[in-house]
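Order as written gives the chain letters A, B, C, D, E, F, G, H, I and J; numbering starts at 1 within each chain.
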């Protein structure tokens, strides 16, 4: 079964409608008073959208009821799939391949045997100006979760 | 051919020697005056270590000449390999699966058609105290690279 | 690099020594006063073993110092690897394939948009007597983690 | 051939109809007097639904005859497929990677050379209240099956 | 970890010793009074060998104590691995690809929703003489296991 | 290109029509005077069906001319595909993983360097009554094919 | 979600329209005053096409508004996918397998620890006449990017 | 069998000896009067080295007779293997994913239905100075091979 | 993008039309005066069909203009895909697995370091009568291509 | 278990010894009076070598008794493995991808529903002189095997 089909289809319609309406993600995020990172992710099918926000977006973009209802559904979140080799996305995988073990060793040294949560987690994307060319700064901020300590 | 064999073996010896010597990565990084993130990554075989730093680490950890020379070699950097399913590492892949398209859309909206470099790139790992449990904050900071614009 | 090599080798030595000594996992777990589930998992390389417990096991099984030190190291936890098709292990994958979506829907219905933690997590294996043949009862007990709610 | 197509389509229709009708899985399970775990799994295409139950569900959700008949068909059960990387589902795979060998060793120690059946098998999902955050408790209960003993 | 390493090594030694001794599997199976199918499978590392049988084989083939003890260990059974494309083995996979759905439909029709156990299971290989060329007849004989019926 | 598309579609229509008509595979097999194993396999797209048999089945199930013609086409036979993880089918793969090397060794010992044909091959599925639960007995019967001997 | 669906569909329409119109890529590239390499790549969905160029192409080929708008969208760039085994494409993969390590060693020797950018990058395809058969000369021209030096 | 083992081992020895001797690939290539691209590729095991050149390199680097003989053997050339995700190498795969179809369309337009040979083929790596940062220019030069024309 | 979609669809239509018309591939090949091997391959989408031949086939089989034009397009040739496990096709892969290294060694011994071209290449399929059962004889005839010699 | 390890090792020793002795495969094949194709394949571990031939080769190449005995063992034949991407071997896979369906259709048309055996099978490699460059001609000659006809 294609478990996330309804949300995927809603995401496609939103991208089409946003383009036709000439709106930016920033404008949509502002309208529902949420960070842009979460807004895009949710509208593309990765999070359930609360009813009020779904209705607001529906009105902004002229979406039908099925689409508005699909936005509110709980998601089935897939793996990277076809995104895996997009150059923008792949660079993250590459960076983790190069620096992942170092990050893990630092977590061990500073926190202990555990991980950064990917659920109690936030991501922020910002621009940092730089004389040699501006930089993209992406911050992952997740709760430290420890394997139950046994001492 | 196992292209990175000499650096991999050096990395294993360093982890063993560090453990026996009771040293932390922080102490080693301080001794060579480099950030801990880069230091660990380089000593595990992911970067060439400048001669002076390689010698310093060699003395600190009692490494033989072959190991010190291997540290200075140019690396062949592998993919995630056996790290891919370690829970600490996997959470990054999962976060990219969930938020990657949103990050990409924001780069499109704020910068244009391009990527965050994984080469002109730095990573920092910090601890953020929080009443509900401290958090791991990981910052990816890479130069924006644009596909040659055609307007 | 084979990141978990030292702990893997320690695990092999422990299985060999346990067999030669004619000990059971129950006896070893009792000696370090930990549940058997955690004890086996840790001694096979999946968890760091506290120093006191590592020493106790080392004495019971006649392990050398390198092995005892390896037990205390932080682990790199691999994926299923060669275990994936062992019939005992495969049945879990099959059960998740058959019942996984149902479990997810119940979590959605009873808790909301979130997951069962695999870190703040315990597993217990027990025997349940049954007239038509005894049963294995395995309990997964993990903290509910919610995606940050946005209402 | 897409062997389970008819049941998959029935599952999609049921999820849509349930959402439009504002029903919960608990209400549906109660109506057919079956546990919720089995009910969801069966309605999503993983089990044959007895005729009486299929008819009851059909009336509750306003399903057409083809859908009601598809529910009663014998299933072709797929592997994890697109579910494999959903965070809720993936945590089970990760837990088995970490604790699977321990579970297997305990089965060996307490039962002998055999497995937990995934056919003569039941799963239950419950909530356990806990001061530090409620927990999800999932119980797998399967008959012990022994490889034919040869002594 | 290579969980089945000790039994694999025992299997290699047995094949070498059997060849040097000029013995057949039939002779070995007869010596321990077990069917040849089980005997070979067990000696190659797929089953635990009871102590008496392991000792008998050890004496016949001049095996050392470690090998004899390894034979008695519980196995970790791998997937097809390198056997998958051996022409003799591949024909089974091909036959299941061609006739598997038919077998499944017959089980549905004659037994119900269930499977043939691969645990409570026996295999026999015999020769059937035939004027156009003798035939290999392989019989799989496994207990029918039913998914818990819900009527 | 989807080489077997026409036969796959015919197979889907036959399964739907058979269900609506309330017929069993046994009744269909009897009508065309062929074993049930071959009949199902052929009607699901794995063999060409002779014209007379295709016509008979077409009349029994009310199939259109395109479907009847598709049944007679030569097949492109796929690999296991989505069947690979169905529990009923997977048990065969598992059994071959466990007993495949033993079967191969017996073929070597009794016949020589060769294989059991999967083309000049028949399969039969029967029920064997047993006090502890009836058993499924599946027989593979294939011609022995020898690699050209070189003595 | 099929992120690049709109651009893929536009690409299909352009190939069909170009064929019906009897136009060459050279003519289209000339009309928008861009190199042929970029033009084809962009029209097949790999780059955003500036509005003026998209309109020109739309008029040349009689494309509808949706298609013209899709051309201007930011792309999700996939991996090789079904192209991977096309003989023309595969030869590049093969050449990199044979000469890739040599190219990398030369970059190390002449530039240092870094890469050739695939973003600040141009490709040119030319014909070189040769008495023994003309040759295809393909030039990759990318900016050298260095890992941040640490001396 | 590891078909290229002897040449791989020779390649490892050459890299170690070159490093200890403080030689560059340029110096070695000059000594045998061959282009650096071919020289490195051949010494790392991808081409047979003529006897005179192998002897010269052997003397320069102090290689033993087995190594010198291995250099002259015909190679078994592997796929990308562990090189596939090295950032330097991966950029080529990415560039082909982005520009491959365009290259293929140009070959069709300018030459016909055929390919660029990867056998009758040369690669050159050069540096191009550039005010915004020097560039790596890689030229692939292969004979055009046509599928036999049928007009 | 599905690059070969138009030719794949043409191939499907040709197979259907040929079947309805009761024509053989031999008759079609004769009508366009080409070998049957090339004719089938081209009509199934693997080669561009010259205009005259495409028109002839179009008239013989009653194809529409889009199909006739698609036949003339340059192909994107895929890998084995779903053909890989068809028993007829798989036997070739198996034969290459068993005899491939021998073929390569003979090419080395008789020609030098090079390959048999798969582009300047012809295949012929013939029947050889034989008292123990007729044989299929398939001849691959390709130009020898040498890696540029360096002596 | 590495089932073919003994024969693989024998193959490596034979290649080394042949090179040191300056012998060709033709000379070895002549000595044992077998075709070169079979001889190489068998000596590299793909076939059992009769005792007399194994002894002859052993004397010619100075092999030890273990190697001579290993040559006589029944083989476990692997898949293509690391050979899959060698350019010489890959061209066969590519040719089958391009012409495989055509070969299959011709077998259907001339023989019926069946395959070319890869067991009762011979391969021959010859050189065909040609003014535009000599050609490699490879002939596969296998018995036609029919699926049991049902008319």
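The definition used in the following text is that a contact is a pair of C-beta atoms (placed from the backbone, for glycine too) under 8 Å apart; a residue touches a chain by one contact, two chains touch by 3 or more.
Quick caveat, the model's predicted, so the values are computed rather than measured.
K.L.:
Supply the minimal count of touching-chain steps required to go from chain E to chain I.
P.N.:
Minimum step count, chain E to chain I: 1.
K.L.:
What are the chains that chain C and chain D both touch?
P.N.:
A, B, E, F
K.L.:
Tell me, please, which of C-D, A-H or G-I gives a repeat of the E-I interface, judged by over half of the contact pairs matching in residue number.
P.N.:
It is A-H that repeats the E-I interface.
K.L.:
Any idea how many Å lie between the Cα centroids of chain G and chain J?
P.N.:
41
K.L.:
Quick one: report the Å distance separating chain I from chain J, using the average Cα coordinate of each chain.
P.N.:
It comes to 23 Å between the two C-alpha centres.
K.L.:
How many angstrom lie between the centres of chain D and chain H, each centre taken as the mean Cα position?
P.N.:
53
K.L.:
Can you check how far apart chain F and chain I are, centre to centre, with Cα atoms defining each centre and the answer in Å?
P.N.:
Chain centroid spacing, chain F to chain I, equals 29 Å.
K.L.:
What are the residues of chain H that contact at least two other chains?
P.N.:
1, 3, 38, 44, 76-80, 83, 85-87, 94, 97-98, 101, 104, 114-115, 117-119, 121
K.L.:
I'd like to see which chains touch which, written out pair by pair.
P.N.:
A-B, A-C, A-D, A-G, A-H, B-C, B-D, B-G, B-H, C-D, C-E, C-F, D-E, D-F, E-F, E-I, E-J, F-I, F-J, G-H, G-I, G-J, H-I, H-J, I-J
K.L.:
Spell out the residues on chain A that touch chain C in their complex, using ranges where they run on.
P.N.:
Result: residues 1, 3, 34, 38, 42, 47-50, 53, 74-76, 101, 104, 108, 113-115, 117, 119-122, 145-148, 150-151 of chain A touch chain C.
K.L.:
Show which residues of chain I lie in contact with chain G when the two form their complex.
P.N.:
1-6, 69, 73, 76-80, 118-119
K.L.:
Which residues, counting only chain C, touch chain E once they are in their complex?
P.N.:
Going through chain C, the ones touching chain E are 8, 11-12, 16, 19-20, 44-45, 82-87.
K.L.:
Which residues, counting only chain F, touch chain C once they are in their complex?
P.N.:
It is residues 85, 87, 90, 94, 97-98 of chain F that touch chain C.
K.L.:
State the interface residues of chain D toward chain C in the complex, per the touch definition above.
P.N.:
Within the complex, chain D contacts chain C at residues 24-26, 36-41, 44, 46, 77-81, 83, 86-89, 91-107, 109-111, 114-118, 121, 123, 125, 127-128, 130, 132-144.
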